[in-house]
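First comes the structure, then the notes that go with it.
As written, the chain order gives the labels A, B, C, D, E and F, with residue 1 at the start of each chain.
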Amino acid sequence: MWLYEKKLQYPVKVSTCNPMLAKFLIEQYGGADGELAAALRYLNQRYTIPDKVVGLLTDIGTEEFAHLEMIATMIYKLTKDATADQMKEAGLGAHYANHDSALYYSNAAGVPWTASYIAAKGDPIADLYEDIAAEEKARATYQWIIDLSDDPDLNDSLAFLREREIIHSQRFREAVEILKEERDKKKVF
Amino acid sequence: MWLYEKKLQYPVKVSTCNPMLAKFLIEQYGGADGELAAALRYLNQRYTIPDKVVGLLTDIGTEEFAHLEMIATMIYKLTKDATADQMKEAGLGAHYANHDSALYYSNAAGVPWTASYIAAKGDPIADLYEDIAAEEKARATYQWIIDLSDDPDLNDSLAFLREREIIHSQRFREAVEILKEERDKKKVF
Amino acid sequence: MWLYEKKLQYPVKVSTCNPMLAKFLIEQYGGADGELAAALRYLNQRYTIPDKVVGLLTDIGTEEFAHLEMIATMIYKLTKDATADQMKEAGLGAHYANHDSALYYSNAAGVPWTASYIAAKGDPIADLYEDIAAEEKARATYQWIIDLSDDPDLNDSLAFLREREIIHSQRFREAVEILKEERDKKKVF
Amino acid sequence: MWLYEKKLQYPVKVSTCNPMLAKFLIEQYGGADGELAAALRYLNQRYTIPDKVVGLLTDIGTEEFAHLEMIATMIYKLTKDATADQMKEAGLGAHYANHDSALYYSNAAGVPWTASYIAAKGDPIADLYEDIAAEEKARATYQWIIDLSDDPDLNDSLAFLREREIIHSQRFREAVEILKEERDKKKVF
Amino acid sequence: MWLYEKKLQYPVKVSTCNPMLAKFLIEQYGGADGELAAALRYLNQRYTIPDKVVGLLTDIGTEEFAHLEMIATMIYKLTKDATADQMKEAGLGAHYANHDSALYYSNAAGVPWTASYIAAKGDPIADLYEDIAAEEKARATYQWIIDLSDDPDLNDSLAFLREREIIHSQRFREAVEILKEERDKKKVF
Amino acid sequence: MWLYEKKLQYPVKVSTCNPMLAKFLIEQYGGADGELAAALRYLNQRYTIPDKVVGLLTDIGTEEFAHLEMIATMIYKLTKDATADQMKEAGLGAHYANHDSALYYSNAAGVPWTASYIAAKGDPIADLYEDIAAEEKARATYQWIIDLSDDPDLNDSLAFLREREIIHSQRFREAVEILKEERDKKKVF
């Protein structure tokens, strides 16, 4: 969920101005497997998923919005003191030409976010496997960004977020089992 | 802001199952000038906008998320009892082939939402005019959907939402004036 | 795998000229969860997946290309005798204006296929869950098209293809288990 | 080239209000092989094409802009007296929900125009074959729309425009021959 | 309006071969808030805007096409003497692999132009605010490119173009006032 | 056609680990004029092309899939031993953040492949000119990548592939002549 307070109050720490790292982190802001994709995917599926899973989707969906806010804060902190020249050297010249240092929902290559990244099939098992896959892909993305990063403070936060994706994945897998069990009982499908 | 309670508790009323109307209403869910676009646009701009405007963007951005939830509920109510054949006749056959009756962030023609619809320039005046334009375009979209609708209950809600856009537009215009005034005082720009 | 023989020799049967059904079936040709997406996704992942899974991806990937060929043949048979007016009435006027009766990699709404639908993370577990999700989504899509269809001959073929997706999903889930087992043995991850 | 006079003065005639026909005609406004694509493709290539071909690209590029204006006028005339209900019945409900009766650069299915439709390779032979292909595809598109149309006045104009594409194709083929001849003389390539 | 004479005659000056600067300038050629977007947006809106505003849209739309030509010439001059290696070092290797040194309608990150960047609502007030926002965003974009540039000759031209956007924005704001006044008189809306 | 054997057995040679070169080569994997585009374009057109040309499209289409496999192997070999830091330095940091070292169907700038790059008009002459243009554009792309490359082993393979495009172009031009001749005989068109 989005914060109502003054911006930047989110407790994330970065070691130093580091726009190149911001460039990679944008992948988790507006990339295919980033936090925006996750939050929008889960909240959208709630309307037609069985009631039993609505709460789970709401919980994780809103948590992903909080993560989106954390990522946004990190990117902001990594770039806010960068000059145009520093942005250019960090490979963010194209971003700067379009957005200055504002945030934008694109991936690390600058491709704008699209709903084509996410699915909603109305079939609860299909939707939940879509969600498990999303969490596994987000987990991998955090790992790749940690690999690219040399900021220990940031990496602490990224490792925390990576762990959350693992837990979400497990919860979605439990939800699959619960629904399959019920389905077998009812022979509904 | 997204509801934590059981889905469908949002107090919106539709007169009857009417998937064709749902088809048009999807424009406000995942279209260029719809509620998703609005919410994401405003919340994203907060990081680099002057502090004075952050609260306004947070207020309106979260209100737009609530409107997104209302639109979602309306679409769900308009389609939940429709058969595959009724979806087909309503022009929602392509939607059904992909999504069954699940919601999806596309416009009325079925084009997935893209961040290309929205801008973030880092320049506060440019960003605020982007926001005013967004509100005026959302207002027009509500009008076009009301024109296409024959559901008086739904139209009451749509008229209410249209009014909100007018008020948001005014507030963004006031914000422009405040920033311009300050800029003139400081000769900062 | 693509056939070298004369086109149309693929043994699929449709009851009658039925362009509206073709319109929905296009979802499996060039849609987000269609056969093109499946084939390209699996064949692309082979380069960095552990050797143990390469054969599985090749097998299923090439089978999906065969299914793509079947879908293409069905669409062709459902439309080849249709006049411009019949295409128009079936909701394929926009398709006809662009493509005549030629096939095209779009979904049922006419949105061109994009690689944004598929992922490749390099992480084998993430990639395999992506694949399981793909199969579950394809299974659901076949069901939705069967729901929309009134052609019993076609539905026989679609039911067969739907079953294949279920089997593929199981095989991908087995692959996940094998890799996890190995990972636990080696503590590689 | 765009007209400076009052809109609607372009001498194109349509028989009657006919929004369904407008829907198909939009393919030539903002579709993959439409007039916008043609005009932008040719004018863009001029900077790096050999001097000998610059004049040809400018001539045809500006003529295509005039054709774009003609198409725009036709679409406007076919829809300007249509009610929301008539737009809906003509399959333009999704267009109306977004744009009212305003024009928009999309194809007949409602997909927004993208520069991905066109190429610029810097290699003059490749660029000219791109242009020949463009003209042949535009010719075919005019034919498909004529097939879908029952408006004899409009069809006269469309047949005229189709003929122009044939002539453009020939001129581009001549340009290929001239460049190849020169290349053989100079052994430049 | 496009020039009929020999290419490169447009009176813009650049100090030296500078492909990295060309990379950023492409943002104004084929980016979201660039000259192509501006020209196409205004000329498209003319058909349904009140007669009073048609002349303004035509004036500014054609001026933007002239600016597009200026930008094209600048980019061409900044890159025409660059080797493949110089393009690569300037961050234009991806552009070169696709286009050699030809121009292309993409933004600075290489994303192809899409009509999703622009709107046409049929509502004159909404369309004019869209236009004001466009001008403010183009103004900001010129500023960001000037920030990134170290070419004083080029910056002179860019500063001139930035000023034009300010004037266009004012003229669109006047148009809003005129239409609102009339609307209030007629109570038409 | 895709190989069934163990990956990497395709007989292509690269001189050394060279991720920057891989970055450019991706243009031929998932770019507008790359091998994926070629293969999918030809195989898709077969259903409605005259029987005489079906064999040609099948031949060249399957050969292009083999080339796609070769390109994939090259990219894999150029990157498989690269560290995250080497990927970053080679301009592949954005790719790594999303995909690690996995392959993906994007162009060199990171834009995902889209079917908007290819056409299918149902008109055999238009489709064949589309194919000729495709081959000429692919030929140019190979040239631009050779220009950017400093790997003599790789360049041997790329020169071979470039030659194949020239031969394909000739064969498509012959097909045009055959169909035109027949058309003139039959006055079918």
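Following the convention adopted for this analysis, a residue touches a chain if its C-beta (ideal position, glycine included) is under 8 Å from a C-beta of that chain, and two chains touch if they have at least 3 such contacts.
All figures in this text were calculated on a predicted structure; none of them were measured in a lab.
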item: Chain C and chain A - chains in contact with each; value: B, F
item: Graph distance between chain B and chain E, where chains that touch are linked; value: 1
item: Farthest chain relative to chain B (centres taken as mean CA coordinates); value: F
item: Pair of chains joined by more contacts [C-beta pairs], C-F or D-F; value: C-F
item: Equivalent interface to E-F, taken from A-C, B-D or B-E so that over half of the residue contact pairs match; value: B-D
item: Residue-number overlap at the chain B/chain D interface, same or different (half cut); value: different
item: Taking each chain's C-alpha mean as its centre, the one farthest from chain C; value: E
item: Mean-CA-position distance for chain F and chain A (Å); value: 33
item: Computed distance of Cα centres, chain E from chain C, in Å; value: 41
item: Distance from the mean Cα position of chain E to that of chain D, given in whole angstrom; value: 22
item: In chain C, residues with contacts to at least two other chains; value: 32-33, 91, 98-100, 106, 109-112, 114, 116, 121-123, 140-141, 144
item: Chains that touch, pairwise; value: A-B, A-C, A-E, A-F, B-C, B-D, B-E, C-D, C-F, D-E, D-F, E-F
item: In the complex with chain F, residue positions of chain E that touch it; value: 84-85, 87-88, 91, 93-100, 106, 109-112
item: List of chain C residues in touch with chain B within their complex; value: 20, 23-24, 27, 31-33, 91, 107-111, 140-141, 144-145, 147-148
item: Chain C - residues contacting chain F, complex; value: 1-4, 6-8, 30, 36, 40, 43-48, 51, 54-55, 58, 61-62, 65, 72-73, 75-76, 80, 98-106, 112-116, 118, 120-123, 127
item: In the complex with chain E, residue positions of chain B that touch it; value: 32-33, 114, 116-117, 119, 121-123, 125-126, 129-130, 132-133, 136-137, 139-141, 143-144
